[in-house]
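After this come two complexes, each holding chain A, first together with chain B and then together with chain C.
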Partner chain A sequence: MADFDLDVAWRLHPQVSVRPERFGALLYHFGTRRLSFVKTPELFAVVTALDSQPTARAACALAGVGTAELPVYARALGTLAASQMICERTAA
Partner chain B sequence: MPDSAIELLDPPAEEAADTEIAAETDEVIAADVLVEEISIDGMCGVY
Partner chain C sequence: MTITSLVEEFRYGLAAPICLTWELTYACNLSCVHCLSSSGRRDPGELTTAECQRVIDELERMQVFYVNIGGGEPTVRPDFWELVDYATAHHVGVKFSTNGVKITPAVATRLAVSDYVDVQISLDGATAEVNDAIRGAGSYDLALRAMRWLADAGFAGFKISVVMTRQNVGQLDAFYALADRFGAQLRITRLRPSGRGADVWDALHPTAAQQRELYDWLVAHGENVLTGDSFFHLAGYGQALPGLNMCGAGRVVCLIDPVGDVYACPFAIHDAFLAGNVRSVGGFAGVWRDSELFTALRGPQSGGACASCSAFDACQGGCMAAKFFTGLPLDGPDPECVRGFGHEALALVDAAAAPRPSGDHSHRGRGGPVPVSIGPRPTGAAAPVGSAPRSVPDRACDQNPLAGFVPSAR
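Our next item is the complex of A and B:
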């Protein structure tokens, strides 16, 4: 898997529906019919912050992810990107 | 400084590589704990 770029803008894929859960959230992609379990509220906070933040790094900071935890979150976001749950946000 | 002291200060490259691999493995495991994925394709009656 290619390294996830924390320094570009990301967003939830338009075909993804989010269901908050006690453990975090469930993401369902209507196109690929895949489910992703986001297993911590912190990662869910990062995912929901992506749309409003200029970079994934900023979304992580907003969600309270510390510098030491960034590599783990980058990898988790990379997993979500690889399954098209999130995608790069390009300028309109 | 005696040679043995230099050896203590400079761990062998192999050991440093092992540490790097271990750190990366920890990242993979931690990320797997954060996200789990399944496909519902092939599940009867789901859609």
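Our next item is the complex of A and C:
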């Protein structure tokens, strides 16, 4: 898996549905028919912020993720990108 | 970031089910010998179109991503396609199981273009001989015809759904090749002693050697084959299989039956696992969130006799329904425990006293002949094919009152 690019804009894939759960959230992709788990409320906050923020780094900052924790979040977002749960947002 | 084990989280239940099975009708054109819902005839109390739509509205509000629709044969409901369209328009995806009877080239073309509908064709033998012995004459051709039309219509990745039996474990590679031939994906699930499956369990469930064969095959092919997580009892062999490896009943899984009854899982159609009905005031959401049964299932569970076994962390004691309908205690071993404890435990229970599945919508007069006579069965009379051995009923007066009583080991 290529390193996740924190400095571009990301969004939830349009075919993905999100359901908040106590532990974080469940994501379901209607195209791939796969289920993914967002395993913490903090990561869920980051995922939710992606759409409104210019970069994933900004989304992490908005969700209160400290610099030291950034690599962990980049890895988690990379996993979601690899399963097409999130995708790069090209400028409209 | 602290990450508690997801399985740990799932044990305490989710806001809505991940895997919701909804059986739309007990009506079916077939009479499969192992039918887990004893289907055949429609029930007069089945949910109406409007009631089904209200359930779908609830599922949308609860953000249930998709439902697994089955039966019976769901496509024989006259409003089936209307309900599929209603569900997908309300953001509830549909995976439906069918024997193929209503799949036509036109239907296949329609299904192929929808992202929100997935199809599972049921098939229990890679050859007509093996399949039709379980599902009935002509059912293999029916399923193959549907598969060919789906493939011709460009429906990539539909599922071929197989219940593993003593007769078809040896055909695993052939099933895999068949799925490949149609651009489909193979899904294999465990036979349960539920519904009519209780009557054929002894004759159909895989042998211990076949269970090992199945496990090894799954370890080799696991990533490309779906299992509905139904073989977690085999994790006792060592390596965990892909999936959750836990019993999801009432926690991430449940069943809505054709009359709206909500059960803990599709294999547990019995009053002991009935949580409520979607027609009640709180609807399905109320049953899912607040029913006594589901609340209890989400509480701490006792491993009972299994807790001290070194395989318990892997197999979790196995399948609740398989234990229940073979007469085993719920906190004991699975009847197919890979360490053999289920086999030992079964020797101590009275098979005739095992709980019977609630409700029977089987076609009358189909299947094997059922000998009916008054009084004790003549000595030496053959039991119906596949039925568990049953002893001749004790006479009321000429035996010790404790005749037939076997004290439990526990």
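Everything below uses one rule, namely that the second predicted complex is superposed on the first by the 92 of 92 C-alpha atoms of A that agree within 3 Å, B and C clash if a C-alpha of one lies under 4 Å from a C-alpha of the other, contacts with A are read in each partner's own complex, and residues count from 1 in each chain.
We adopt the following convention: a residue touches a chain if its C-beta (ideal position, glycine included) is under 8 Å from a C-beta of that chain, and two chains touch if they have at least 3 such contacts.
On a predicted model such as this, the values are computed, not experimentally measured, just so you know.
Once the two complexes are overlaid on the shared chain, A:Q15 sits against chain C while remaining clear of chain B. Once chain A of one complex is fitted onto chain A of the other, the partner contacts of A:F23 are limited to chain C, with no touch recorded for chain B. Of the two partner chains placed around the shared chain by superposition, chain B is the only one that A:P71 touches, whereas chain C remains out of contact. Once the two complexes are overlaid on the shared chain, A:A63 sits clear of chain B and of chain C alike. In the superposition on chain A, A:L43 makes contact with both chain B and chain C. Of the two partner chains, neither chain B nor chain C is touched by A:L6. Of the two partner chains placed by the overlay, chain B and chain C both lie in contact with A:R33.
By the touch criterion stated above, A:T79 is placed in contact with chain B alone, chain C being left untouched. Under the contact criterion defined above, the residues of chain A that touch both chain B in one complex and chain C in the other are 33, 35, 37, 39-40, 43, 72-73, 76. Of all residues in chain A, those touching chain C in their complex are 15, 17-23, 26, 28, 30-31, 33, 35, 37, 39-40, 42-43, 69, 72-73, 76. Against chain A, the residues of chain C that register as touching in their complex are 1-4, 6, 9, 12, 14-16, 18, 63, 65-66, 91, 93, 115-116, 118.
Interface residues of chain A, counted against chain B in their complex, comprise 32-40, 43, 71-73, 75-76, 78-80, 83. Residue ranges of chain B in contact with chain A, taken from their complex: 27-28, 30-31, 33-41, 47.
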